[in-house]
Each structure stands twice: as structure tokens, then as C-alpha cells.
Amino acid sequence: MDDIARKFHSEYVTDRDIAFFELGIKLAALFHISMGMPIQNDPDTLKIVARGLEKSISCQPFVKSVRVSLQYPHPEQPDQFTKRHEYDYSSINGQLLVGEIELEYGAWRLLGKVKWNDDLNYPLMTVERCTKIEG
Amino acid sequence: MDDIARKFHSEYVTDRDIAFFELGIKLAALFHISMGMPIQNDPDTLKIVARGLEKSISCQPFVKSVRVSLQYPHPEQPDQFTKRHEYDYSSINGQLLVGEIELEYGAWRLLGKVKWNDDLNYPLMTVERCTKIEG
Amino acid sequence: MDDIARKFHSEYVTDRDIAFFELGIKLAALFHISMGMPIQNDPDTLKIVARGLEKSISCQPFVKSVRVSLQYPHPEQPDQFTKRHEYDYSSINGQLLVGEIELEYGAWRLLGKVKWNDDLNYPLMTVERCTKIEG
Amino acid sequence: MDDIARKFHSEYVTDRDIAFFELGIKLAALFHISMGMPIQNDPDTLKIVARGLEKSISCQPFVKSVRVSLQYPHPEQPDQFTKRHEYDYSSINGQLLVGEIELEYGAWRLLGKVKWNDDLNYPLMTVERCTKIEG
């Protein structure tokens, strides 16, 4: 990895700092590009829309992998979705979106996650893992 | 088709009116859910992101089919994309997005399109076809 | 009004058709640019964010006026909002957004609305008024 | 400041790490909520849309201040904007958006920025300042 934009940051900023900064950028990008996208509760739609989001975020700098799933809160969803009427669909919101992003910057490898947190009633973004890559 | 929301429109509105109204909604939904999504100029990424957008808009009422393609303005794109540096990617804007949506409402079948128009310097949405389905 | 893009539509499309088409575009643009915007339940925030959305949609072709309000479902909101903790805020979704857009195309003046519909559990877009301007 | 979500992060994550993580989240949220919003090149529109974006991002956790401006690349913009035709407007993209966000987490106060970088042809997000608040 060679970061041609490294020089634009404040001189007091370390590689580790930038790794966390970049992870925040990616998780929020995933969250906000997906909000409001129409979806319906059939496995095929949920998978293909999630693949599009993964592929999109994978273009961003320093990203190693992205996993997205769109999970309806009620897991009793039938295998076969039948639309009851034309308005029987939903759109992506913070409750539905689950995403994991792995990123490397300098010697740092981070894993971040966005997932609805019921205690906070909030689509919480967290750092799940932070490891130093042996040189 | 049975529109359970038909009664919520003004009484002076015809099925044909609603067909055009709904087509506008779908084209603008496609446009605005896609703006700012990261993409890069490799065929695989462009296709998978486009499939996600198609599948998403296909959930909306009265939609019969959706075709999306993401077209870089310079067609000389190589078959094999090689990222030159970490920031060597783009994001969806009005120049790149081409979409076609087919919709049926009542006896009306419409085809709409969104595509960058060089004369107007504008991502123009147009009605390409308007036909009455024989009863 | 002079529509320099009129010629790009199918020849079978009338001014009235285009008026409904354009109204659909504007309502869906308003809806999708606002989804996911952070907001909190204090009158000042709700008003300033709504003004920004109104001003934005007012730039679009043929729009005469735009009114947006962001309405928390529980009207017992206090006049004075006090944040209980850092995560005590929300973001715009279909339940909160109420918008009205007035548009003129050719001899047609339309009023459209987007508002959450409890019966349908859906952010319904409707045509509220359709009048012909006397020449 | 008391972060009720602190416990959800990996135990190896420091306050400084979270400060950078949160700053990235906010800059990317600002970027992605604004992409595609219609605007036109008159000072009033640009200011009111920018105020809405500032007020929105100000709701997010740990944010101390937000400054947004929408800058057309050609500074020779007239004081008085006259729309030449109905399609004579634009929408927010990475070239136009300039944002600065100040954030505090634990003992750390950071200033981040998003601004188009001509060298990279990229809407670069940077950490401009990182200071420790004296206890």
C-alpha cells in the first residue's frame, strides 16, 4: 500500500489514526448509499441488492473485504415471497442493514461493523477487531 | 392490477395520468438512490452494482422491467481494469447512469428512460413509449 | 414556459402527460434525497433541514413551490428538545417526511403530495389537484 | 461526554482511535447525504441548502461544529443568478462540496475536512487538526 494522499493529513496523525478514520468513512458510506433503496422480503432481492452494495464499497481505498446482508427484523420470513399488493415492499433503513468491512492501512488491519442496536435504538457502527500486521 | 391507493388521488386524475406520474417516480427513485455510489471502471463492478439497482427498483409498484447500465463516457475502457492507486475509482453521477423502466398502470404501458443529454448538459428523463393494452 | 427538452419525448405524449411525469419525478427526488439525513426532534433543526430540502427541489424544472415538513409521529414533542445522550437523534424516513410540490407544465398546474399513509404502511405519493390554466 | 456505546467496541480500541473513527463517519455521512441534491448557482440557494446539511450533521454524536459550503468551480459566478432555461441547474457532487467538522471524543478534539482535490481528482477527506484537551 502506498497512500498518495498521506501528506494531506495533519503531521500529528499516525497510520493507526488514519486506519480508524478510513474505517469510519467506509461504514458511513455504506450506510448512507443504502438508505431508502426499495427492497422486498424475498431472498433473491435481498441478496442481489446486498451484492451491489458490497461491490460498490469494495471500490473504496484500503478496503479488503465487505459483507452486507439485509435482514428483516422478523426472521419468520417465508422462503417464497408473495407480494400481497403493489405497495407490499419496504426500503432499506437502519434496522435492516448489517455490514462488515475489513480494511488495511499501513501496518493496521481493522474490522468494522454496522448493525442495529436494540438497546440504543440506533444503527451502531463499531470497531470489532484491530490488529497489527507483522512486518 | 388492482391499485388500493387509487382512491387517494384527486378525482380528476385518470389512469393514464397516474401511469405517467408513477413512471416519473420510478425514474427519479433510480436516479437518486444511485447518486454517489462508489464504482470503478471494471465490467464486473459496473454490472453487479447495476443489477442491485435494477432489483431494487423492480420492487416498486407497477414496474414491469428495469434495465440499468453504468457507462463511462470514454468507451475506450480496457476489458481488464487495473487500479493505478487507491483513489483510482469514481462514483455514480448523472453522466454515467443509463436506465430504462417499463411500467403498467390500468390499460397503459409506458417505457421511460434516464440518460445524460449532451445538448442540455443534463440527466434527462423521457417517456420513450406510451401504448394502450388491448382489453 | 418553454421546454427545450419537449422534443425528446415520444410524439404520443401530451403536455398533460408530461406534467404528471414531472410531478412524479419531483416527489421521488424529494423523498430520496432526504432519506437517511440525521435529524433530531427540536423545532429549529426540523425547520432548517426542511428549508434546505425545499430550496433544493425548487431548482428543478417547472416547480412553482415546495413545502416540506418533518413531523415526528408523536405530536407531544416538547417545545424545548434536550438530548438525553449522544445517540438520541434519528434520521429522515418515510414516516417523518411530508412534502407538497406545485408544478406547472404547459397549461397544466398540478399539486402533488408525499405523506406516510397508515392504512398502506407506505409513504404514499398522490396527485392532490389538477387544474387547467385559462389562456 | 459519556459514551454509552463505548463498551460495544473491541477492548483494544482507545479513545483516540474512536475519535478518528467517528470523524470519518461524520465526513462520509455529510458527503453521501448531499450527493445528487439539486442546486443552482445563486448564493441564496447555496447557503440555505448548506445550512440544512450543517444542521443535519450537527445532530450526530460528538459533533461540536459543522461548516458546509457549496462552491461552484468557476468563481466568476454573478451575484445575481438568472436561470437561462428550466434545465439550467446542477446537483451536488464531489467537486462542489466543502465541509469541515469539529468533533470531541474523550480528551481528543479533531478537525476534519472534505474538499475536492485536483491532484487526485478526488473528494478527499483529511484530518486537519488533532489536539488533546487539557484536563
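When the chains are written out, they are named A, B, C and D in that same order, and each has its own residue count from 1.
Following the convention adopted for this analysis, a residue touches a chain if its C-beta (ideal position, glycine included) is under 8 Å from a C-beta of that chain, and two chains touch if they have at least 3 such contacts.
Not measured: the values here are computed from a predicted model.
Student: Based on mean C-alpha positions, I'd like to know which chain lies farthest from chain B.
Tutor: Of all the other chains, the one whose centre lies farthest from chain B is D.
Student: State the pair with the higher C-beta contact count; candidates are A-D and A-B.
Tutor: Pair with more contacting C-beta pairs, A-D versus A-B: A-D.
Student: How big is the gap, in whole Å, between where the Cα atoms of chain A centre and where those of chain C centre?
Tutor: Once rounded, the distance between the two centres reads 29 Å.
Student: When the centre of a chain is set as the mean of its C-alpha atoms, what distance in Å lies between chain A and chain D?
Tutor: 20
Student: Centroid from C-alpha atoms only, then distance chain A to chain B, rounded to Å. What do you get?
Tutor: Here the centre of chain B sits 24 Å away from the centre of chain A.
Student: Mark out which residues of chain B touch at least two other chains, giving numbers and ranges.
Tutor: If we look for residues of chain B contacting two or more partner chains, we find 4-5, 29, 31-33, 36, 87, 120, 122, 124.
Student: Okay, in this complex, where on chain C does chain A touch?
Tutor: The contact residues of chain C facing chain A are 31-32, 35-36, 87, 91, 93-94, 120-122, 124.
Student: Looking at the complex, which residues from chain C come into contact with chain B?
Tutor: Listed in rising order, the residues are 4-5, 8-10, 12-13, 16-18, 20-29, 31-33, 112, 117, 120, 122, 124-130.
Student: Within their complex, state which residues of chain D touch chain C.
Tutor: Those in contact with chain C are residues 1-5, 29, 33, 36-40, 44-45, 48-53, 55-62, 85-87, 89.
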